[in-house]
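Note that chain A is present in both complexes that follow, paired respectively with chain B and with chain C.
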Partner chain A sequence: MSAGPLPVSAGPGLMGSLKKYLRIFRVSLVERLAYRADFLLGTVLRFLPMVTSVLLWSAVYRGSGRDTIEGYTCREVIAYLLLVHVSRMFSSMPGLAAGIARDIRDGTVKRYLVQPLDLQAHLLAYRAAHKFAYILTSALPYAGLFFFMSSYFDWPAEPWIWAAWLTSLLLGFLMGFLMEFALGLLGFWFLEISSFLYLINTVSFFLSGHLMPLDLFGERMAMVLKELPFQYLAYFPASVILGRETPETVIKGLLVELGWCLAFFIAGRVALRMGLKRFSAFGG
Partner chain B sequence: MEPVIEVSHLCRTYQVAQKKAGLLASIRGLWKAETRTVEAVRDVSFRIEPGEMVAFLGPNGAGKTTTLKMLAGLVYPTSGTARVLGFQPWERHDAFRRQFSLVMGQKNQLWWDLPAADSFELHREIYSLERARFDRTLAELVEMFGVDKLTRQPVRELSLGERMKMELIASLLHEPKVLLLDEPTIGLDVVAQSTIQRCLREYNQRKGATIILTSHYMRDVEALCSRVLMIVSGRLQYDGQLGGLLDRFGRIKLVRLQFEELVPEGLDRFGECKIIGPVAELRLEKNRVAQALSAVVDLPGLVDLSVQDPPLEDVVAMAFGSGAEKP
Partner chain C sequence: MVNEREHPARRRLASYLRLLGAFGRFSLNRELAFRGNFLMKVLLEVVWLGILLLFFHTIFRNTSRIEGWNEYQYLFFLGCYYALEGLIETLFLENCIEFGELVRTGNLDFFLLKPIDEQFLLSFRHIDWSTAPKVFIGGALMGVSLWELGEPIGLLKAFCFVVTLGSGIAMAYSFLLILASTAIWMVRNQSLMELWWLFSSLMRYPRDIYEEPWAVLIQKVFTFLLPALLVVSVPAEAMVRVLEPGIIVWTILAGMMMLVISRWVFRKSIRFYRSASS
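And now, the complex of A and B:
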């Protein structure tokens, strides 16, 4: 038995911790909503490239004279490209890794050494709030877009597909966060990681299926790409809601995705521990 | 009483990268980085009792901030020990972190685009503070710093001084027993400076908190700290009363002479002489003052004469200089 609660050193406990990060979530949300106009403009601007892709892919199919390429009709490719935007709405983490690296370089990160606050949990709460605000404000324009282009979609009737889609989107958010977080911690070891991050982002654009369905890379290449974690950032959720996955592949996919989340979580914890140690050793 | 802070034989060395000029050297540096060892803190020992207000003095790069960072647990020492509130700071126990605050310049803990009040709320959660107690402390601090009307205004719209006050309020919300301040008044105007001084003094008296600060403003040090630790080139050169610095390093007196009209020539035979209109200021070694005075009293046209201690800034500069001579 412990000797009763200490007046100051008593920790907040699990519920208290949870409350702490929920509060951070709330404050972050308020901060984000201060930028409503920027949001709306950003969303509208994101629609412009979509128009180009629709025109481009229509031309590709017309030029090839085929109805399907690697099992995709033109209509399906266009639906896929729109759905990938929804995937990215959850999984993209603009500026997360670069921001962590900047905080390490200019010393702002010392706040997490001085205060009883965990860097990873804090940033997760902050990002979750950003995503929530972003999805909330762009829901209407997106609904408009999907209505406008409804001729491209055959929405599935099975509730399990919808549930799987939602799960894959939420896991996509988590994996995107954990992956970028771990990458950003490289800033503890390297002074400048922006070109490295640029490289990763560019590669991820292809490997995640943001550019086009992974199957279009050819059967062998697609097989390899589907073993990598990147596909969960864009391809996998879109493929689920397009009804291209069987219950078995959906369950396997979600489990593997969960495994990747765990792997990136552990990588992030270990790197954070080592990085903070190194930070303190090198002068804070 | 147990000391709040006990530091013994604390040392800290850094490896600093040495980059030679030129492209070839840079390319070679890709494989083999050359480093130089810098001894930032060398064998520093001191004890600080509860409720003391202590200033770290020293020229830039002398090791003040490194010492402060070790006390805050941001930096590991190379050797030696430190205990703050009974904890080894660099182990960073949550129980320790709930009892102290570090304010380092303007790198703020406040959210730029939100009113300070929101950041304060967040602090309440981070430190798991009781609602009633938090409200009371916050009200006290806001009144003390006189920022009543500003807490609902986005932080980015506040002036530098107002921001610093908010920063300090944030750092005091969890009622830390030890407060470490690195240059708390840097870049602020005289009014803001004196408000901050008054509030820190008040906080110290009300809560019996221990405060350690580094500052280049002697005004801060004079107003707040009776005890100073002077660190030069990583070594503790002086530990004692502020007044003691004058006795030890102030071997100079200022003799101020005012004349009716023009200052007569030839005063520089006594020592360094500065002339501003009808006033001459002589800087003399203490043991030569008596001799010089007997010679100047008979000078024609002398209306007033005074002997003063040099300004604290000058004494400190002299002390820094004397420390740097013996590495």
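And now, the complex of A and C:
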């Protein structure tokens, strides 16, 4: 074939495949920036819950007359609640599972049967771009916020803690993605799962420690909650950078998180294979 | 035969009420066609209530007061918030979310052509019955806390509560409508549900927590400019704490003003609307 170059010549092999997904990354990035006014409004609004929770917890500690609650000082709780937003910035995947379920229902998913694209890899590249744009554009307001609230933070000096934090955030992104992906594939078996997904999201808001540090629920309950994968979406990274974890618990935590990633990855691959087998699309 | 002609306003009102009834019936029919989904949504609300109560319980295990609100006063506040949230979700939230979608797809055209007030049509079209139980659960929470507090409820208190709650609902609706209307100017890519959830965090806690020095400005802005802090706080205060005539009058005024402003913003946005079709 010498008649002109193909527009996206995703050649064989790893490089070609990488190029293909890099291109998807670029297109998604441009798409994302088209909605900047709305994006700005969202960013401004996103600060409101932080402000209210800082105020609420200050009031709680003042009312209690105590310095620590379950080992947390007021400053630590507030720092935690701000840091949890950084965790969620990486791990949250709004609409991913619901989008997959919708594509399955209306048949759009069939294009992955014809095009040389893998559903999971495509969505991963797409989400990575959106996260990248999101983190890039929110970095400045967040930096401002952390600067403004700097009296609440004691940033750790040890580089290993920073490295561990970054690792836990990136793994949090990966786990959040793989988990939502696997959940979305339930759409192959059930027609309508949006309410179920919403339920999972609501429960995860609490189980992940987004609401408050898991330790505050009391020792026994915290122990149970820390066995679940949800804590890696919010609690664990925040706990790491707060310096509340020892090197041993950090390594153990990261390994377990990696294990969950692997488990959700396998679950997603198996479900995708099984789902596509029973999938039948209508229309042309 | 004369009175029919003499009261076109009353006839209009009657026809709007009839329409509202029809919307309600139709939505209920549609909802009951997917009973599993309906039950799931109700379950979701119960779970959310559980989380709220757990949060509340955890806090009050460690303190007896939050800025002067004791446990049952705060529970009353929580019930009030939950009921108001339920009412907004039942009547308006789904409609406002769909408004953004109608703008994006250009299907708003069909709604503008109808011989009826656009704001009415777009605000009440769907009634989300699955969140209606929240209103009763919130009411029950308020009832329990009043029972536990054991204070007599005077007529004046009850009156102020009802009136300020009405204003609170009017304000919450207005904020939601304004937020939905901005979809016309900014192409919306985020869920209005999330934006609303973020914004309504201002209503979720008593306004007394804003009395820290650095938060005074925020308190002023959201009391006088965008009066979101009044929505739940003022009715709850009137019922279980003190009656402050000044703030009650301001809440009533603000409720009416917000209704007017939101209608103005809505109409303005509709005028700005250009259909998406070719």
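What to note about this one:
In this text, the second predicted complex is superposed on the first by the 268 of 284 C-alpha atoms of A that agree within 3 Å, B and C clash if a C-alpha of one lies under 4 Å from a C-alpha of the other, contacts with A are read in each partner's own complex, and residues count from 1 in each chain.
Going forward, a contact is a pair of C-beta atoms (placed from the backbone, for glycine too) under 8 Å apart; a residue touches a chain by one contact, two chains touch by 3 or more.
Here the structure is a predicted model, which is why all the values come from computation and not from measurement.
Counting residues of chain A touched by each partner, chain B versus chain C, the larger count belongs to C. After overlaying the two complexes on the shared chain, residue contacts for A:T202 are found with chain C alone; chain B is out of touch.
With both structures placed on the common chain, the touch criterion links A:G16 to chain B but leaves chain C unconnected.
Looking at the shared chain after the overlay, A:A157 reaches neither chain B nor chain C. When the two complexes are overlaid on their common chain A, residue A:V30 makes contact with chain B while staying clear of chain C.
Of the two partner chains, chain B is the only one touched by A:K110; chain C is not. The residues of chain A shared by its contacts with chain B and with chain C are 34. Per the touch definition, chain A reaches chain C in the complex via residues 34-35, 37-39, 41-42, 45-46, 48-49, 51-52, 55-56, 58-66, 69, 94-95, 192, 194-196, 198-199, 202-203, 205-206, 211-212, 216-218. If you check the complex, the residues on chain B that touch chain A are 14, 40, 66, 69, 72-76, 90, 92-95, 97-99, 101-102, 104, 107, 109, 111, 113-114, 118-119, 121-122, 124-128. Those residues of chain A whose C-beta lies close enough to touch chain B in the complex are 6, 8-9, 11-12, 16, 19-20, 23-24, 27, 30-31, 34, 106-108, 110-111, 113-117, 280-284.
The part of chain C that touches chain A in the complex is made up of residues 34, 36-37, 40-41, 43-44, 47-48, 51, 54-55, 58-59, 62-67, 182-183, 185-191, 194-195, 198-199, 201-202, 204-205, 208-210, 212, 215, 218.
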